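In the two complexes below, chain A is the common chain; its partner is chain B in one and chain C in the other.
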Partner chain A sequence: MRRAFKIYRILVAQNLKRLMEYKADFLTGAVSFLIDQAIGIAFIFIIFSQIPQLAGFTFEQIVFIYGFSQIPKGLDHLLTDNLWCVGYFIVRKGDFDKYLTRPINPLFHVIAETFQVDAVGELVVGICLMIYSAPSAGLYITPLSVILFVLVIPFSALIYTAIKIATAAVAFWIKSSGFIIQMVYGMNEFAKYPTTIYSNFIKLIVTFIIPFAFTGYYPCLYFLTGENPVFNIGCTVFISIIFLGISLAIWHKGLSAYESAGS
Partner chain B sequence: MNKLRKQYLPFVRAGVQNLITYRMNFLGFIIGGLIYCFVMYYLWKSVFMASGGDTFMNFTMSDMVLYLFLSNVAGEITFSSVSNDIAEEIKDGSIAMRLIKPVNMDLSYLATELGGTAMRTVTFAFPVIIGLEIYRYVTLGIVMFNPINLLLFLLSIVLAYLVAFRVNLCFGFMAFYVKNLWGMGILKNSIINFLSGSLIPLAFMPDGLRTVLEYMPFASMSYTPVMIYMGKYDTSEIIFRLGIQAVWAIIIYGISKLIWVGAIRKLSVQGG
Partner chain C sequence: MISVNNLRKEFKKVIKDPGLKGAIKALFRPRHEIIAAVDGISFEVDKGEVLGFIGPNGAGKSTVIKMLTGILTPTSGSCTINGKNPTVDRKKYVKEIGVVFGQRTQLWWDLPLVETYTVLKEIYEIEEDRFRERMAFLNDVLELEDFIRSPVRTLSLGQRMRADIAASMLHSPKVLFLDEPTIGLDVVVKDNIRRAITKINKEEQTTVILTTHDISDIELLCDRIVMIDHGKNVYDGSLRELKRNYGQMRELTFEADSASRLTAESFCKGLKLSDDDISIKNDKNVFTIRFNSDSMPVGDMLNYTLSLTRVKDIAVKDADIEEIIRRLYKEGADKSE
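After this line comes the complex of A and B, so read on.
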């Protein structure tokens, strides 16, 4: 464990050095995500200029959900971005061999290799939106809810990571799975808005099959109303652990099926 | 003409083959786009419910469905990967190979893209349009399909394509100055999505902003053809809007040439 931390620190330091070298790159990346998010908010703002509330939520409450949903997404983006590359080209080009020849866990190595600072854009927007909307969103604030707030975020982020690990691992069988990651990851769009606006079928999918609803709406429902912490928070933790377990199993099965590609 | 065909047909063929080789990626992006449409569909549905009326700023729900999916169709038809392709070639130096060929550089990119665009139009755009017409027939009970609007839509989308291609080309030239192309891509997409009205109809924007955006080149890339298909414009307005598209196609062409002349001076290819 200590060794892993040390290796991680060295790899992140390498990433940061590169960042210092290409400051303009970092700025472009972070500003891009910032503007992308700002446009998402402009969209909600324009809708709310016409209606007082959406699915029973006020403007501030919707903004809170939107802002919260960016935090797990941003955390996962910051730490595990390299999984995209595994799916898109690392396996296809045969470059995955590199990870197998090193004396550290290949999954850990893949994840530790990239520290994607572009994610700062998502994190900053998410935090700002929550700070902006918190005073008038009617938050349910108790000592317990504050503790659960801090506790639930890493688990929500793990849902993203688990989904990416599982879909990236498909590349071990079919060489390139970028399109699968893209498709499944794209479902996170559903997390930005209250799940109640969707049809039952979609609700079922984003709750239990590709559980992005637990990265935004459900935990927020508890922080906004104080209702049903067992489901809204408990299930977030439970589902993220289950999904991480499943995705690790898929990853390991994939590793044993991996045959090097390329020449 | 014959010479032109001989010169550029191989590029078209390469474009088609590229799409077929990476068909799964293509499928992934299309399904991703459709998921996005469905999220927006449910969001708008609840907006209509919350506003309590049949229409929201002069759009009915079936207008909204048409708008969402047609914007997606317009996005797929005018999709251009030229900004990535040219940026990659600038980065790895292979642009030198393209420059020494006795063909027009822009046209060779365009020819490669046309192959993919034709495939996307046939396999995705037309089926979605047919689906939309069936949807309209089922929900409204009358046939709303108007062949003249379809033809005008096709004319307008060709102009939209020319504008989009040149805008993407200009973005690609950014590779001479910026290295984080992936970030630039995100920036480009979100700006275009917002300003072209494919995220939210320009008709819903505050009046002043709407007028400005309607005259900008981005509206020519998606909003104009979609509104024409939906029959939101009368004849004189259609002619006017098509004219604006044509003017932008010419202006953007000029701008891309100017940027290229400036950028080519910065090109230095190492190795080879």
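After this line comes the complex of A and C, so read on.
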């Protein structure tokens, strides 16, 4: 485990050095990124100012759910962004060979290779929105809920990671699965709002099939009302572990189906 | 040390008709076909051996190498290095091997070369002292000093290849796989790379398995060659043996006026040769006589032939390695038809 951290640190450092290597590109990226985030926040306020209330939630509560949902999304984005590349081209071009000839876990290796600084934007936006909305959202604050708040975030992030691992692994069979990741990942938009506003069909999908509701709405429901922690928090943890297990099994199976590319 | 046993790899291939129409048809009604890219390959390699793994394009060389390096999972059969099997314990297995694919690089493209080595040091858990010792050795063999601080993207192909070989040798693997290590390089650089490979092999008893289309690579480096075609073994033996079998053969080609007395039997009788030493092909009075120059000096053969018939346009040719391999490829192709 210590060794894994060390290698992770070193690979991330490599990635950051790589970014700095091209200074003009890095600075342009940083500036455009700040502008992007500012516009993003402004846009959220414009939209929410038009809907003072939604499905029984106040404006502040909606903002809180929205803000919370950005945290797991941002964490996963920060740490596992390279999975997109697995789906889009690493497998198709045969570049996955490299990961298989090194004495560390290929999944760990491929994930550790990218540290996506852009994700800081989602984290900052998420934290800002939560801080802004918390005082008037009527949060349910007890020592237990604070502990659960900290605990549930990594599990929510794992739901994202699991979904990305499983969909990226599809590329081992069909060579390119970028659009599949994109389609499934896109469902996370549903996590930002209360599931009660959707039809039963969509509710079913985002709860059990592609369980993004557990990365936003359900945990927030507990933090806002204190209701049903067993389902709202417990199921988040449970589902994330189940989905991670399934996605690792798919990934593992995919490795033996990997066909490389001619050389 | 390395033991390859009845290795087989099948690929499922979608049959597509040409053009966009074919592509669309294949999308909706795919027809599949199972293709055995590697079909029962077996061989053994001893410690310290340099094995040339050769075959025409599409013979299945890369597929075999990729199975031996743990990248592809065999459909059946096995390969082991010192008893370790990549499908059972990949991590342990890959610690024993170093891999260089001539057409790919494992170096960190955007960073100075030295950064690659410091990362690999951690990945392979190499001790600081050992690492320094190792870098000194590789520096000595591959002369990395001049460009070790340059970003990898700025290296020439020859430098990059040396850097890649160093990267694959950093953890002192027992077996080094080189997939076309001299591809696209000029003569001088090729020579450098070959010398480095020889030195690594001699000094560290590293077993080397290399694939190449370069005949000189084979002549200068390999103790033994394994040739495959259509996914099957075609030849396995020492280069010396191959040369003994084919290498002393010469070819005499000429056009004759009268063909009456030019048969293999008459040559055998006249020159007291055995059947194995001579063969004659006649194509519309153009004769090709292949004979063993050990049993019959070229000059004597010429004299004897000229005494039998009037000839036009005579030529004597060495059967060089390239010729031998071409013939072997062809024999392999004939056999599988």
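Note that the second predicted complex is superposed on the first by the 228 of 263 C-alpha atoms of A that agree within 3 Å, B and C clash if a C-alpha of one lies under 4 Å from a C-alpha of the other, contacts with A are read in each partner's own complex, and residues count from 1 in each chain.
Note that a residue touches a chain if its C-beta (ideal position, glycine included) is under 8 Å from a C-beta of that chain, and two chains touch if they have at least 3 such contacts.
Please read all numbers here as calculations on a predicted model, not as lab measurements.
With both structures placed on the common chain, the touch criterion links A:I180 to chain B but leaves chain C unconnected. By the touch criterion defined above, A:F190 lies against chain B but remains apart from chain C after alignment on the C-alpha atoms of chain A.
In the overlay built on the shared chain, the residue A:E60 is in contact with neither chain B nor chain C.
Using the contact criterion defined above for the overlaid structures, shared-chain residue A:A24 touches chain B, although it does not reach chain C. In the superposition on chain A, A:D76 makes contact with neither chain B nor chain C. Of the two partners chain B and chain C, more chain A residues are in touch with B. After overlaying the two complexes on the shared chain, residue contacts for A:E122 are found with neither chain B nor chain C. Across the superposed pair, chain B and chain C both touch chain A at residues 22.
Across the complex, chain A meets chain B through its residues 22, 24-26, 28-33, 35-36, 39, 42-43, 46-47, 50-55, 118, 176, 178-180, 182-183, 186-187, 189-190, 192-193, 197-199, 202. Listing the residues of chain A that touch chain C in their complex gives 3, 6-7, 10-11, 14, 17-18, 21-22, 94-95, 97-98, 100-105, 255-260, 262-263. Chain contact summary for the complex, chain B toward chain A: residues 24-29, 31-32, 35-36, 38-39, 42-43, 45-47, 50-51, 56-57, 178-180, 182-184, 186-187, 189-191, 193-194, 199-200, 204-205. Interface residues of chain C facing chain A in the complex, by the touch rule stated above, are 11, 62, 66, 69-73, 87, 90-92, 94-95, 97, 99, 101-104, 106, 108, 110-111, 115, 118-119, 122-125, 151, 179-180.
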